[in-house]
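These are the structures in question, set out in turn.
After this come two complexes, each holding chain A, first together with chain B and then together with chain C.
Showing the complex of A and B:
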């Protein structure tokens, strides 16, 4: 299940990015630091996570670094679903 | 703070936080700027002196007017029509409150510089960098604010910046090393200041994804003196400016980062931390050129 979630995220990120392909996007690839995603795309990413989890994301409660890469996104938003 | 400024002989009677520097406080400004430019020279940074205005079209490319419209100050000129100018010349330009009754104006296509480093990216537009590029500049910057405090929040103030453009690793190395130098300096002179994550002062931040991004992926850190006075900042722009101005390094959009020093705020910190005379700033002796 966790692999599927990571793969789903990978496909979405590669789909909206003009800088990478799913094959080149590792779980620990820095998404914003490496320019895979632009800063203005963070809103779209949050909306997509809300769509996948079925829960709203309270941005005031989020700690810095949560969106660093696929791994950090998975651990912060999906890991509990798969425990 | 205004009392301290007046006490050392500088006038604080200008509005919008503006002060006139002279005497020892001006000497302190010069001394600190010499120290900061010395750090820039360690990177072989080229010194640039840019115009006071930025073309608005360049800032538009950066969404500046969506992100920071409330901070902008526009230089305006009278429409060159002789009747228009003549009518203005014959009338009473200022009312008793000092407000200018402006006639027809020329089209405005510039902005008074809001941050020193914008000029750097504009200047380097289209360049292919064969090595990391380091540039330093000092500019009078204009920001329209709700409230002003002399030396701390002024309509126009002096900003010294050191800018690096290169690969991500080169820019990160520059920011790391320069932060180390600043920390060493602050510790050596005993200045109580600490770094903290920060965000830029976006207009309507809750609806701006760029603010959200800065909050969740910190790219800006400020050196805070006292409770909340940011006297310096480090900013990692990623490839934002490189892409906007087509500056490349290794075949990709260049990354950039800058270190900025708010000069008047450093003066305020020195007045607060040490006192109001040059003798009380003796901690600078070993750093003076």
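Showing the complex of A and C:
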């Protein structure tokens, strides 16, 4: 299940980015440091996470580093669902 | 053309002469009949699509209420960003000339947030949350300053299109027209100031920017405008209005040709100052 979620995120990120492909995007690839995603694309990513989880994301509670890579996104937004 | 100092003095004088106190000026009905138009139909995010055509009149009016709450929420979040940035720039060495006007700018933006916030809370019981989260990075000389004022200008240009149309739309609820008129009335000055400061900052710094910095700025502003436009397509609005598959609907709307045509028209108009200074060119148009 968690592998599926990571794969879903990987496909989405590669789909909106012009800097990578799913094959080149590892779970720990830095998304912003390497320019794969731009800051402004976080809004779309948050809405996609909301759609996948069915829960609203409280942006005021988000801490730096949450969107660093696929692993950090998974652990912060999906891990509870798969515990 | 007047110098920046002369423009600042003139705008300060107009702000004083046309001082508006929204705390006492606006009359707030205790409640509002929802079966009315709150947002002009042609400004509703679904307008021009088959999804809009499929709604009956009552559904459209109901949707117009939540679209307006979203529009006012977008304004609240945008103006909070603006107020934070303006306050940081008061009485810095390079803002001495404009600081007198920044006081009026801040004062007026604070009052705008008041009436947008009261409307949302009193009639909808909420302000829609902002879904933005920024990642910090390093900037070239003058880049952060230019980006701040250019973002402010783009944001205000975009919302002013909506304000002007709704201020004149006689089918809208009176207090909605009044709020849109008040906002447009003061934003007109902010826009004059914003366009000018963007031009001045570009002239002061652009010659020192390497081509990759210019590309980055162009890219970032283009994404900012695109991101702000997308905020008008809020799944929470569609859920509140009872429309099915809110996230799928957002995706479909953003891929719709008529919506894309509307975005292009608006983007070009909002970015005209950036074309004027040469940051954007015919070749960089999307």
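Please note the rule applied: the second predicted complex is superposed on the first by the 83 of 83 C-alpha atoms of A that agree within 3 Å, B and C clash if a C-alpha of one lies under 4 Å from a C-alpha of the other, contacts with A are read in each partner's own complex, and residues count from 1 in each chain.
The rule is short, and it goes like this: a contact is a pair of C-beta atoms (placed from the backbone, for glycine too) under 8 Å apart; a residue touches a chain by one contact, two chains touch by 3 or more.
Since the model is a prediction, treat every value here as computed from it, not as a measurement.
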Request  = Once the two structures are overlaid on chain A, check if chain B and chain C clash or fit side by side.
outcome  = clash
Query = Thinking of the overlay built on chain A, is A:50 touched by chain B (first), by chain C (second), by both, or by neither?
reply = second
Ask   = Which partner does A:75 reach: the first (chain B), the second (chain C), both, or neither?
value = neither
Query = Just chain B (first), just chain C (second), both, or neither: which does A:67 touch?
reply = both
Task = Scan A:59 for contacts with chain B and chain C and give back first, second, both or neither.
result = both
Ask   = Is A:35 contacted by the first partner chain B, the second partner chain C, both or neither?
value = first
Ask   = With chain A superposed, which of the segments 115-123, 169-177, 223-231 or 259-267 in chain B collides sterically with chain C?
value = 115-123
Ask   = Both chain B and chain C touch chain A; at which residues?
value = 32, 39-43, 46, 59, 62, 67
Request  = In the complex, go through chain A and note every residue touching chain C.
outcome  = 32, 38-44, 46-48, 50-51, 56-59, 62, 67
Inquiry  = Which stretch or stretches of chain A touch chain B in the complex?
reply    = 32-35, 39-43, 46, 59, 62, 64-68
Query = In their shared complex, at which residues does chain B touch chain A?
reply = 168, 197, 209-210, 212-218, 238-240, 243, 253
Inquiry  = Under the definition above, what is the set of chain C residues touching chain A in their complex?
reply    = 129-135, 137, 219-220, 223-224, 226-227, 230-231, 235-236, 247, 250
